[in-house]
Each structure stands twice: as structure tokens, then as C-alpha cells.
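Shared between the two complexes below is chain A, which pairs with chain B and chain C, respectively.
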Partner chain A sequence: MLSYLLFIATIGGIYGLLALSLNLIWGGAGMVNLGLAGFFAVGAYASALLTTAGQAPIAAGWLVAFVAAGIAGLTVTLSTTRLREDYLAIVTLGFAEVVRLVAANEIWLTRGTDGISGIPGPWKRALGPDFNGVYFLIVLGVLLVVFFVVRRIDRAPYGRALRAIREDAQVAEVAGKNVLRFKTEAFALSAAIAGLAGALYGHFTSYIAPDLFLPLITVYIFLAVASGGTGRPAGALVGAYLVMALLESSRFFVEGIPGVTAVQRAALKELLIAVALIVVLRLKPSGVLPERIPPAPRSS
Partner chain B sequence: MNKIRITRRTTMAGSVALLANPAIVRAQADPIKLATLTPLTGAGGPYGPVMAKAAASVVEEVNKAGGVLGRRIVLVSEDDQTNPEAAVRAARKLIDVDKVTAIMGTWASSVTTAVAPLCWESKTFLCTVSGADSITLLPHQGYLIRTQPNSRLQVTRVGEFILSLGAKKAFTMIPQTPFTQSTFDVLNQVLPKGGATHQSLIYDDKKTTYRTEVDQALRTSPDVILANGYTPDTVVLLKDLYRAGFKGKILGFAYSINQKLVDQIGQNEVVEGVYTFAPSSAEGGSAYEKVKVAVGSANPDPYTCQVYDHVNMVLMAIAVGKAASGEAIKDNIRKVTQGSGKSVDNAVDGLKAIAAGEKVDYSGASGPCDFDEKGDILDCKFRYEQIKGGKFTLVKIA
Partner chain C sequence: MIVVQALVNGLVSGTLLAVPAIGFTAMFAVLRFPNFAVSGVATLGAFAGYLAYGAGLQMAGSLAAAFVAAGLAGLLFDKIAHLPLVKEGALPAAIASIATGLVLENVVRLGFGNEPRGYDRPIARDVFFGEIRVSPQQLETMGLALALMLAVFAALAFTRIGKAMRATADNPDLAALKGIRPERIATLASLIGMGLVGVGGMLLGLDSSIDPLTGTRILVSLFAAAVLGGLGSVPGAVLGAFLIGIAEELSVLVVGSQYRAAVGFVAILAVLTLRPRGLLGERAF
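Let's turn to the complex of A and B:
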């Protein structure tokens, strides 16, 4: 049981990183990034390839994953500078699908739909059954660092500028903010965090394949951020664990129901998750931890 | 509305309560726990539910006859959602919380590849119906067997069948899957030997129309087209081939061209004359008859037959090994499936024989169930059918 809880807490932490990444860009700058799964995949593949085919140490893999996804994010924003809202959402969704299709078809590099198996985990052999626990601590550490960084950004003048862009980019521009620079930087950082999450996922489960990076995962993270509280890092984090808790606890919940077949149980599980999320958003329309906008500092 | 407040604390408390609740339900006297991890939702949805049912029927029979090693069997059924990410979470729960000794019935190749490392690391036995060649090449240390013939063997037979249809120009249309490359390799080898040419294209299985792909294929004027996708994309592909007026022969795998596909297309002339191909279950055999009764269907699909065999084999291996552990299953599964023992077709008879000190050799619903050291089956028959008037008619089993 403990090792299962640690496993779920670790995956929850990885979802948490993705939620922080999405919150930075969606909650912060108001850019809808439906391509989260794509950046997640870029990071996962970069690190997996570097550490399996390239024999590099795992830490180097993580660093490269962070940088590679950041560069991917930079490319996506710079090629879509004139797109906003729905149009940006469509392009980013397209980007994620392109990544998935490249991963499925460029067999020489990615081993196609077979996926990459045998991705090393840090000290996995030496740790044996303690691996889940140690890895959880690693993910927790990364999660906390990222959390404090994005919270710092959120509360800093930089975050205020992002929010101004979210509310009205034109006004921000008039106020002398370099909107394009803010957007690209935030998007690249957000993508880099998603990439890091991907690398952490790959080294944890030791296997990645294109099928892992379906848009479903993006949907989960949007649910997490929406139910946790858009625009507040703590909210995104709570939302990620809330979604993970729902996904997993519903499994046990339906097990206790007598007289239903396995299929009905699977359907009930999905239903339960949906209902729970609807209830949360009905009672807390702006999420469990809604955004708090600090008052502007007084000019002396 | 504001009276109910969801705070961090209540959310946490709620989740913990949800997690803790079934612990009370689960407290029972030391039964042997097995699991099925089949696709109850997603692309494998047509198969998983029946597979879970077949597995449950075996467990029920064995429990009625007194269980194994004097212990009752409990079967836990989880949904892999035909998605490796969800499957890994489900498998982790089966291994860590339910502490099952074997996981049976994983269907999609990507799911099996994702779940396999968790199984061999935790010494949990894995029985799968996935066909990708790469699966038995994983470093599974013996903790994996599969009852599905690997794709190399299957495609070789498909190639021979295409030749027997008198093909001169064959064309393969296939999405990118773990068996795409080996399909090309094998067909490019088999078909030219029989005097036919072979061309192919890879399509994206999430598209809603395949007109350009069909045009591209028909430009080579093929006389046989191998439609090698899954059900949802093959529905679209067959319609587009019909619209384009293709007059040659069409052949596909029975896991995608099934009754569901015929129903979804809804017009019999679109699928008239289409050939299907599948690893054959041991039809007419006594185990196959038992599966028919268990799932209440006149022709259970091969996966259902295979998962039925998984449970039977695993239970007998536990009995021979005198221990309910993945290790015991790994060490003893070949002792009950092959060799010179008494031929049995179900675990109840097999367990009696084992208790009496006899050796057994299981022949199941999916075939003779003999495995090589990698975990692949040694021998398998194939079943060829043709759709006539919206009905599947048997061409041959060979």
C-alpha cells in the first residue's frame, strides 16, 4: 500500500509540475496552451534518448529536457506572435499532435510506436524497493523549487505585467511593456517546466511511447488548474493532487459497489470523476484556491 | 450556496477517506489474488469486458471445486483504458495494494510494454495477448508469456494467403503501430517469392477521411489490398475504398474487421467479399466449448479464449509450485502447459490431477499453449473468413 501511495504521490507531483507550467502561461499570461502534452513529450524523449542511446547521466538528461522543451516553447511562440486565444490554442494543439506523430513515425530516432523501454532510474538497482520513496522525494524537491520560483514570479512586478497582458495586451503595450518579450519568456519557461515533468515521468516508469502523450493528459491538467484555481500556483498544485486523488480513489470506491460488472464499474469510475469535478466547480467556480490579486504598491 | 465550503482540509480529508474505506471491505482470510488488466474502455473496449468475464468464470469454477492449495481465489478486474499511462497506474494499484500474483489479459502492445517492467521488478507474472515482436524481447526474466502468435508469424501467413488469392500486385495500408515495420519486412520477403509485387503506405489512424490515401493506393492498380488498421479507421478506409470503386480483393485482420465494423458501416455491399484473418482458437476443442458457455457467445473471439487459458495455466502453475507467488508461476508454468503429462482442458481437472501427483499438459481454448523460453507460443492455427451478405463465413482453418 505504501509503495502504491508513493507511486501515486510521485505521478501526482509530475501532474503538479504540469499544472504549474500551465498556470504560469494560462493563469498568468492568459495564453491557452493546448500543446502541453507536446512539451511533456519533448522533454521525456530528450532525456530518454540522451540517457539510453547517448549513455549520458540522468541529471544531464533532465537538464537537456528542460532546455529542449524551452527551445520548443520559444519556437512555438515566436512562430505564432500574432495569434491569440482560440487561434493560439489550435496551433498549440497542432504542435502537440505533430510531436506525437514525429515520435510515432521517425523510427530511427524514437523507435516509433514500440516506444523507448529500459530508461534508467537514479540509483534504481541499489535502491531496490525503496526506489519509489527516493524518487518521490526527488520529484517533491523539484516540485517545491519550481513552485517557489513560479510563486515568486507571480508576486513580482513581472507577474503583474503578465496579468496586465492577460487582461488587455493593448493597454499593457501602451503602458510601455514589451508584450512579445513577456509572452515568449513566460511561454518558454512554462514549456521548459512541462519538459522537465516529462523527463521525470520517463525515468520513473522506465518506458515512454507516443501513446502516452495523447491530448487526454492536457485535458487532465486543464481540469486540475481550473478546479484548483486559475492564476494561483498553490491552486494549480492543489488541483493536480485533487485530480490525481479523484482518478485513483474512484477506483477503490467503485470496487465496493456490489452487483456490477467490470465494464459498468469502469464506466461508473469515469462518471464519478466527472461528477466530482462538476461539483467542485459548481461550489467553487473559481477553483478551490481562487486567484488573489495583491494590491498594487503605493507610489510614494 | 456559500454554506458548503470546500477547503484544502476537507478535500484532503475526503480523499483520504475515499482511499481508506475499502480497506475494511478487503479484510479477508488470505485468498490468492489474481488480476485481469483488460481494456474496458478505449479502442480495445469491444474485447476487454468479455475477456474479464471469461477470466471470472474460471475463477468461479475453481472456487466451487475448493480453490487452489486450500485457498480461495479472488479476481480483481481493472481497466487499462487502452492507454499506457492509465494502465501503469492501474497495474501499480494491483501490484502494491491488491498484491496480486499475476496480471492477465493486457491487450494493446503499448500497454503491455509499459506494464511489463513493473511486473518483472515486483516479481508479478504477466500474461498478455499483445502481438508486437518486441514484447518477448524485453528483459522480462521469464515473468511474461503471451498466447498471441508474434506478428512475424502472423504476417507470414497473411502473405501466403494473399498469394493463394492469386495476387499479382498487393498493397498494404496500415497505421503506424509496433508491428508496422515487421509487416513490411515480412511481406516484402514473402510476396516477391510467390511472384507478386508489394507496395505500401502508412496512414494516420486518427483521420476522418482516407481519400488521398486511397487514391495513392489505387494509382498502383493493386488486385489485393491489405487493410491493416484498427476498427475505427478501417470503417472509414473501407467506405472510401468502396466509394473509389475498388474492385479487387480486400483482406484484413479479424480484430479490426469484426461484426462491430460491419454494423458501423451499415451497408453490406461495402464489405461484401472482404476476407478476414485471425489466429484461430482451438475450435471444436472441449476448452473452446467451455468458453462458449462461460461468455454466452457462439463464437468467442481469440482474446477471450486466450485470457481463459491464462487463468487456467496460472492456477495450475501455482498448484504445482505449491506457492501463490509470481516466482512459483514463472518456474512452473511450462510444467503444466507442455511435456508428456495427462492432457487436461481446464484447471479444475488439472488441479485434481496435480493433487493426485500426476503431471499435466494443458491444451486450451486458444490452442495447445506451449511456450518457448522467450515466452512466445510455439504453434498456432489461423482462421480465414469471408464476409458474405453481412455475415462472416468460414473459408478455412489452417
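Let's turn to the complex of A and C:
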């Protein structure tokens, strides 16, 4: 039971990182990333390849995952940030599909749909059964660091500039803010955090495959941010654990229905998540912890 | 010769792709948000057509069934989920539409499972033009797709409703001022746009097989066609669909069939960098 709870808590923490990543740009700058699963995958693959085939230490893998996903974020936005948000939505959605395609087909590198197994976990052999507990603390540590960094950004002049861009990019531009630069930087940082989350995921479960990075993950995270409260880092964390709770409780619920095949059970679960996202967006778009706009500092 | 054959194949798949691309871009022109539910709606249309064809309807009747089922489902979700959100901006509506796509995909999965299914079409010998090979089935579906496209263009150009739709897409306030009821136009755009997407899902599934992910697989090509031609432009979507269809077939000769789906993505990035408003611009028609 304890190990089950630790497993849930760890995956929830990884979703929390993804939710912080999405909140930074969606809540912060009003940009959207429908390819979150793609950046998550880039990070997971970068770190897994480096530490298995490359024999590099795990910490190096995580660092490279962060940087690689950030660079991917830069490339994706460079051609689209100048444009309207709906183009960015289409491009990011396409990006996630292409990442999965590459992961499934470049067999020499990624072992295709078989996936990469045996990804090392930190001190896994020495820890034995305590591994889950220690790994949870690591994820919690990373989560807290990212949380405080993101919250600092949120409350800093930088965060206010992002919000100004979200509300009206033209006004922000007139006020002398370099809108393009702000948007590109925020998106790259957000993608990098998603990549780091991917790396943490891979070293926890020790196995990754293209099918683990379906667009469904992106929907989970949108549900997390929307239900927790867009525009507030604490809301993203609360939302991530709400989604985790919904996912796990729905599993027990769905397994209780008699005469349902495994495929149908999976379909029912996905259906529930999708309906929940629509309901939250329609009925309570501000989420459990609504955004607080701090008063502007008095000018001296 | 291989290149010519690829061009012909590309022309065929481009014609089929044009049908859902018109639907997607027309909805964008009127409703002002990218409706990502097209993945689920295309799947739904493919399965509705499959059921109708299995029940003994002819090809045209099955396509009509796909149109009606997809159009009604698309309209329902636009009314209850997407359109109320458009007031807050295109993004919330777009995000909700992803969830809608997932809902429809899983409804199909609940009913039919994950196994691929094929339309049980009569086998016919391929027709040769010189060394170029075309199957009679391809000719039939291509003819139906072309007829449908012509009907859409004629309706937009000559009927009152078509003109009202173009006016609303061009300038909603001015159109409303002239007595065009915006909700009615929105309803029609959802119904017809999603109907076309459903027919497209069936047309593209006819030659291979269908399963719950049928719609998701054509998503990138569909977006690429619409963005390439200029998001919101109906003739642009047709041009974009032909170009994407041909580029995908040619790419098979160079990088193999597994990267077909990446062609669309590369095309999107290229067109956004070089000619951000698309080849024909964003004017609706």
C-alpha cells in the first residue's frame, strides 16, 4: 500500500512539474502548448539515451534533458511567436506527433516501438525496496525548486510583463516591452521544465516507449492547470494531484463495472478525463485557486 | 515513371484530403477558433459510413450517413462546449475541442474496439493509362469528392445562405448589421464543416482500414493543407490539400513511407516562416 501511494505521489509530482511548465506560458503569457507530451518525450529520450547508451551519470542526463527540450521549444516558437496564438496551437500539436513519429521510426537510436528499457535509477541497487521513497523525495525536491523559481518569476517584473502581453500584446509592445523575446524565453523555459519532467519520469519507471507520450498526457495537464487555477503556480500543483486522484479513483470505479473489456475500460477512463476537462472549462474556468493579481507597486 | 505515378497518387489523396480541409478552414473562418475536434469527428464519420455501407447502402448513401452523423455530433459539441468559450478567446475553445475529439474517439472505441476494420468493397482490376496505374475505387471516391467540392463552391457562390456565410466570415459585425443572424450562420458552419470532416474521414479510410485513431492520423495533413492555403480560405484549403497530397507521395520516394506524416509539419513550419498568411491569404473565399 505504501509503495503504491509513493508511486502515485511520484507520478503526481511529475505531472505537477508539467503543470507548472504549462502554467508558466498559459497562465503567464496566454500562450498555449498543445505539444506538451512532445517536450516531455524529448526530455525523457534525451536523458534515457545519454545514461544507457552514453553511460553518462544520471544528473548529466537530467541537465541535458532540460537543455534539449528548451532548444526544441526555441525552434518551435521561432517561426510562430510573431503570429497569432491559433497558429502556435497547430504547430505545437504537430510537433508532438512528429516527436512520436521519430521515436517510433529511428530504431537505430530509440529502438522504435520496443522502447528503451533498463534506464538506471539513482542508487537503485543500493536502496533496494527504499528506492520509491527516495525517488519521491528527489522529485519533491525538484518540484519545490521549480515551484519557487516559477513563483518568483510570476511575482517579479518579468511576470508582470508576461501578464501584460497576455492581456494585450500591442499595449505591452507600445510600453517598450520586447514581446517576441518575452514570449520566446517563456516558452523555451516552459519546454525545458517539461523536458526535465520527462527525464524524471524515465528514470523512475526505467522504461520509455513512444506510446507513453500520447496527446492524452497533454489533456491531463490542461485539466490539472484549468482545475487548479490558471495563472497561479500553487493552483497548478493542486490541480496535478486532483488529476492524479481522479485518474486513480476512476480506475477503481471502472474496474467495478462488470462485463467490460480491457479496451473499453481504457476508453471509459479517457472519456471521463476528456469530459472533466470540458466541464471544468465551461463551469469553473478560474479553478480551485483563482488567480490573484497583486496591486502594482507604487512608483516613487 | 515512379515520379509520375507518385504525382497521380498524390493528386488522388489530395482530392480526398481537400474535403475535410475545406470543412476545417470554413469553420475557422466563421467561428474564429481552430476546432481540434476534427480528429474525433473524422473517426466518427468513418464509422458511421462503415455501418451504413455494411447495412447495404451504396457509396453515395454511406457518405451521406457519414456527413449527417459527423455534422450533428460536431454541432452538438460546438453548442454545448466550444462556442460559449469563444467569447473568452480562441484558446479555451480550442482546448475544449481537443477534449471533444478525445470524447468522440473513445465513444467509437467503446463500441468497436481497437481492431482495424475494412469497408467490404468489391475487388476490381486496376486501370492502366500507359504505365500509370489507377484503381477504379480510387476513381470513384475521387469523383465523389470532386462532386462534393463543386457543390460546396456552388453553394457558397450562388445561394443566399452561402453569401451570408461569406459575409459573416468577412466581417461579422457588418453582416449582423445587414440582418444576417450570426447564430444561424454559426450553426450552419458547424453542421456543414463537421459534415465535410466526417465525409473526409470516410473517404480517407476507404482505401485502407479504419480504427479509433483514423482521425488523429490525418490531423497533421489536414492542418497543413489549411495553413498552407491560408487559414480560413476555402480555395486555399483545396490548393493546400493538393500540394500536401503530392508532397507526401513524393516524400515516400525519398525518405520512405514512415515519415509521410512529418511532411505536413515541415510544410507548416516552412509556410509560417516564409509566407505567414498562407499562399492565398486569409480572406475567406
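As a working rule, the second predicted complex is superposed on the first by the 266 of 300 C-alpha atoms of A that agree within 3 Å, B and C clash if a C-alpha of one lies under 4 Å from a C-alpha of the other, contacts with A are read in each partner's own complex, and residues count from 1 in each chain.
FYI, a residue touches a chain if its C-beta (ideal position, glycine included) is under 8 Å from a C-beta of that chain, and two chains touch if they have at least 3 such contacts.
Everything quoted here is computed from the prediction, not taken from an experiment.
With both structures placed on the common chain, the touch criterion links A:101 to chain B and to chain C. Once chain A of one complex is fitted onto chain A of the other, the partner contacts of A:30 are limited to chain C, with no touch recorded for chain B. Contacts of A:90 after superposition: chain C is touched, whereas chain B is not reached.
When the two structures are aligned on the shared chain, A:261 is found in touch with chain B and with chain C.
In the superposed pair of complexes, A:74 makes contact with neither chain B nor chain C. In the superposition on chain A, no contact is made by A:63 with either chain B or chain C.
By the touch criterion defined above, A:248 reaches chain B but does not reach chain C. Of the two partner chains, chain B is the only one that A:211 touches; chain C does not reach it.
By the touch criterion defined above, A:274 lies against chain C but remains apart from chain B after alignment on the C-alpha atoms of chain A. Residues common to the contacts of chain A with chain B and with chain C across the two structures: 101, 104-105, 216, 261, 263, 266-267, 270. Of all residues in chain B, only 1, 4, 6-8, 11, 15, 18-19, 21-22, 25, 36, 38, 40-41, 48-49, 52-53, 56, 76-79, 81, 83-85, 88-90, 92-93, 95-97, 108-110, 113-114, 116-118, 132, 134, 138-139, 176-178, 180-181, 202, 204 touch chain A in the complex they form. Of all residues in chain A, those touching chain C in their complex are 26, 30, 32, 34, 79-80, 82-83, 85-87, 89-91, 93-95, 97-98, 101-102, 104-105, 215-216, 218-219, 222, 226, 261, 263-264, 266-268, 270-271, 273-275, 277-278, 281-282, 285.
Within the complex formed with chain A, the chain C residues making contact are 28, 33-34, 36, 80-81, 84-85, 88-92, 94-96, 98-100, 102-103, 105-107, 109-110, 113-114, 216, 219-220, 223-224, 227, 231, 258-259, 261-262, 264-265, 268-269, 272-273, 276. By the touch criterion given at the top, residues 1-5, 7-8, 11, 101, 104-105, 107, 112-115, 117-118, 205-207, 209, 211-212, 214, 216-217, 238, 242, 245-253, 255-256, 261-263, 265-267, 269-270, 280, 283-284, 288-289 of chain A touch chain B in their complex.
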